[in-house]
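One chain, subunit A, links the two complexes that follow: it is found with subunit B in the first and with subunit C in the second.
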Partner chain A sequence: MISVQKLSYVYSPKTPFTTQALFDVNMRIEDGDFFGIIGSTGAGKSTLVSHFNALTRVQKNSGTVIVDDMDLSAKKPDLNRLRAKVGMVFQYPEHQLFDDTVEKDVRFGPKNLGASADEQRALAKQAIELVGLDYGAVAERSPFELSGGQKRRVALAGVIAMKPQILILDEPTAGLDPVGKREIMELIVRIKAVCPTVVMISHNMDEIASYCNRIAVMSRGRVIGVFTPRELFGSRELLADCDVKLPLVTEIAARLCDGGAEIAHDILTEDELLDAIEKAVKHA
Partner chain B sequence: MALLEFKNVDYSYPSGDDDFVRALASASLAVDRGEFVALVGCNGSGKSTLARLANGLITPDGGEVLVDGKPTSDKSALYDIRRKIGVVFQNPDNQMVTTVVEDDIAFGPENLGLPPTEIRERVDWALDCVGMREYAKSGPFRLSGGQKQRIAIAGVLAIKPELMILDEATGMLDPEGRREVMNVVKRLNRDEGRAVVMITHFMEEAAEADRIIILDRGEIVADGGRGLFKTPEVFTRAGLDLPLPVRLSVALRARGIEVGTPLDADEFVAATLAAISAEPIPPQAADACAKPENVLTDDVPQADGEGDAETEAENGGEDEP
Partner chain C sequence: MRDVTIGQYYPSNSIVHRADPRFKLVIMLMFLVMVFFCDSFFSFGFLTFFVILTIALSRVPPLKVLKGLKMIIIVVIITTVLMMIFYTDGDGKPLAEWGIFHIYLNGIYASIKLAWRLMLLVLMPTLLTLTSTPTELCDGLESLLSPLKKLRFPVHELALIMSIALRLVPTLIEETDKIMNAQKARGAKFESKNPFKKIKAMLPVLIPLFVSSFRRADDLADAMDSRCYRGAKGRTRMNKLHFHVGDVLAVLLWSAVFVCILFLNYNWLGWEFIAVLGV
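Now for the complex of A and B:
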């Protein structure tokens, strides 16, 4: 569980470059959520989630962030325990690969958390297999020789190896080709079986609509609201208020509906749309 | 003379000890003034290598890259070449050179030796184009990933190159931001006649270009107009998706419903409504795709008339997860 109350954040306070990135943010992420965060560039999404594993510390008198039983606004939260619990995957995580073999790179996290050499090996193997790579084939290779999609999997494995209970993903599919995007999303669903809570920042409304059960909409440092996909994408008023674009699938469904077809206007996936069109054609 | 020309270009990157990875193999293409080209392909297909070769950041192992007829291997021509060809790369962090946004954007025009008033005008104009005027005095490193990307794009806009290459430069932007950048680029192309090569994974964006080049493992496998979408297998074989409206139309065809090959949401909605009310498909939707030109792979079936129904149905099957 992550609970955020009245959280504000200011970059470079008391300098000419001071900018307030967050204003009085409140939200609660429950165990088991696939929680989406959307909003235009500069809305404060990355600043917000970087609080969740205390990479960004809660500033004085600027609200609270609570992860399970840990108060991150306390003076000295137990950072080791927190970072074992909350795994963070940044934008373009493959830029952070550094070691000379895939196995060593993935072991780095467990090693820092104090795991024994045997445990490190076992955790690395499990994680590499979970992200869909062939352990025998890649373990001793340099991560830098792998393809873009594979590198991203290795970077994910490095976080998974720490066995987090909450996984934070900042635009996990940015920069991948369409096939790579789909593979990573399928992989995240597999990971969710062992790491029950997933928080994902994304600009891809199709991914948000297909995978998330709850969605927070951010704008200019504020959370405008938290909705289910059907609440958000099914309500044109809400979308207009929140300045959110429809997933293309939903937009097409809505326009078919407007055009007089017997098709629901709040369709969220391609399969739903295809089924609805087929039904409408056969019906007519 | 073509503005940019690749003649049988080979390029390999060193990998491991004595090994090489081939990034481009005898690639040939020409881009003329005023063209709007989408360059698509999987991660690792050689797209970024092509962008780096185009403005002489790297030079070919074999063949030639010519800008206005001058080879990029001629060092004395590089200044001129980079004035004509501006590239926006994927990672904006590697493209910031100063500590204030507007200085960063002024860097290019200053290097061109323009008078201060014109530099001022261009900086303001470029900032307006990407919707970042209010950040003119900010420090670029305080901006979010997407905002930095906008600044990197503005930096190249301010040089007003004859050809702009955007190498997945909108990957970090929100849908609205992507739309804005696309509109700016289209406006530059249409009103000022500047050529654009858009390297993208967003097939909906590719469908807006006049010409599409597909790269697959270092080889150019197709180069043609929007009619290329009539043969979806050219895209799927290169590991690419189709734009959503095309993908839906292929899947509907597999279910026995014919809506033609619509390239955008408007065409798809019109054709589908027509199919539902069992009226003939409006001609503009059905004719949206001309016959494909220049499909370079021999075994791709040509989409004469309605094409090979069996292949298309088969392909629709592959698209299912």
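Now for the complex of A and C:
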């Protein structure tokens, strides 16, 4: 569980460059959520999630962030325990790879948490296989000679190997082609089986609509609201208020609906759309 | 990491900010020479008055400028103390003495002047970097050095290298920040006291940093190539430097200050009042 109360954050306070990135943010992420965060660039999404594992510290008198039983606005939270619990995958995580073999790189996290050599190896193997790479084939290769998509998987494995309970993903599919995007999303669903809570920042409404169960909409440092996908994408007023675009499938459904077809307008996934079209065709 | 103040530009729209960087650099150079000509308290005071005037005109908060002294304050204190206790005045009588250490009245004067000189030497360059962007300074330097082109000295290339380097400092800091955060999220610790351990702990940051710097350099070279960059030959500037009457006046004013300082110290015409002031 992550609970955020009255959180504000100011970059470079007391300088000519000061910017307030967060204003009075309140929200609660429950265990088991696939929680989406959307909002235009500069809305403060990355700043918000970097509070969740104390990479950005809560500033004085600027609210509280609580992860399970840990209060991150306390002076000295137990960072080791926190970072083992909350895994964070940044945008373009492949840029953080450094070791000479994939296996060693993935072991870096468990090693820092004090796992024994055998444990490290076992965790690395599990993680590499979980992200869909062939352990035997890549373990001893240099991460720098892999393809872009493979590098990103290795970077993901590096975080998964720490066995987090909460996984935070900042635009995990940015810069990938459509097939690569889909593969990564399917991978995240598989990861969710072992890491029950996932928080994902994304600009891609298709991903948000088909995978998330709750969505926070941010704008200019504030959370406008937290909705279920059906609430958000089913209501045109809400979409206009939040300045959010429709996912592709919902857009198609809406157009068909406008054109007189008997299709619900709050369709969220491709399967739902296909079913609805089939039904409508049969009906006609 | 963000506290590193290399590009410490303080944005404002004062006359000092708007002045032509070439003239600022010239004044700067004159000032550095001037400081070494100052010898009497009166001349130091005279010069300091103009420094304060410039700071006031720049509208940078005085505290920001004084912050520049922070780096050298230790050096100033140590040299001043050493100067004070080792200065030997053949004629005078020491005010106090402990073994090899002794304090003379003239020693006190000399050490105060030394400290004053060091502080003046740091204040003006600090003000220069607070009121001009690195790019402006590079352009100014390139323009001032351009006569050297006749001697086949690669002025343009040098200026380009410098401005690219300066331009990439903030980017590099940002990148370091990002990678450090990513590794911290994987449980890395950078706070070790042991220097060897510290270097080892930095490897997971340095390696990705190098990789990305090479990638960035490659990209930049490609981008310049694809825009037909061919070096200095036949190249015109988008932002031409223009000087105004004010810039010329400023240089004239500082030249006058220079002449006054020379007079104060050498008293070529043997004026009585200078002889009195020039302790």
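Quick notes
Following the convention adopted for this analysis, the second predicted complex is superposed on the first by the 284 of 284 C-alpha atoms of A that agree within 3 Å, B and C clash if a C-alpha of one lies under 4 Å from a C-alpha of the other, contacts with A are read in each partner's own complex, and residues count from 1 in each chain.
To be clear about the criterion, a residue touches a chain if its C-beta (ideal position, glycine included) is under 8 Å from a C-beta of that chain, and two chains touch if they have at least 3 such contacts.
Given the structure is predicted, the values throughout are model-derived calculations rather than measurements.
Overlay on subunit A: subunit B and subunit C clash in the combined arrangement.
Residue contacts after overlaying the shared chain place A:T228 against neither subunit B nor subunit C. When the two structures are aligned on the shared chain, A:E251 is found in touch with subunit B, with no touch to subunit C.
After overlaying the two complexes on the shared chain, residue contacts for A:E270 are found with subunit B alone; subunit C is out of touch.
Of the two partner chains placed by the overlay, only subunit C lies in contact with A:A84; subunit B stays clear of it.
In the superposed pair of complexes, A:F98 makes contact with subunit C only, with no contact to subunit B. Legend: residue contacts after superposition of the two complexes on their common chain; A:S12 is shown touching both subunit B and subunit C.
In the superposition on chain A, no contact is made by A:N213 with either subunit B or subunit C. Using the contact criterion defined above for the overlaid structures, shared-chain residue A:L176 touches subunit B, although it does not reach subunit C. Comparing subunit B with subunit C, the partner in contact with more residues of subunit A is B.
The clashing stretch of subunit C relative to subunit B, chosen from 111-119, 147-155, 219-227 or 255-263, is 219-227 in the chain A superposition. Residues 12, 95 of subunit A touch subunit B in one complex and subunit C in the other.
Those residues of subunit C that touch subunit A in the complex are listed here as 2, 10-11, 178-179, 181-189, 203-205, 207-208, 211-212. Listed in rising order, the residues of subunit B touching subunit A in the complex are 15-16, 41-44, 90-91, 138-139, 142-147, 149-150, 168, 171-177, 201, 203-204, 239-241, 244-245, 247-248, 251-252, 255, 257, 265, 268-269, 272-273, 275-278, 321.
For subunit A in complex with subunit C, the touching residues are 12, 16, 50, 53, 55, 80, 83-84, 87-88, 90, 93, 95-99, 108-109, 112-113, 144, 158-159, 162.
Every residue of subunit A that touches subunit B in the complex is listed here, in rising order: 11-12, 17, 19, 38-43, 46, 91-92, 95, 142, 145, 147-149, 171, 174-182, 203, 205, 243, 245, 248-249, 251-252, 255-256, 259-261, 270, 273-274, 277-278, 280-281, 284.
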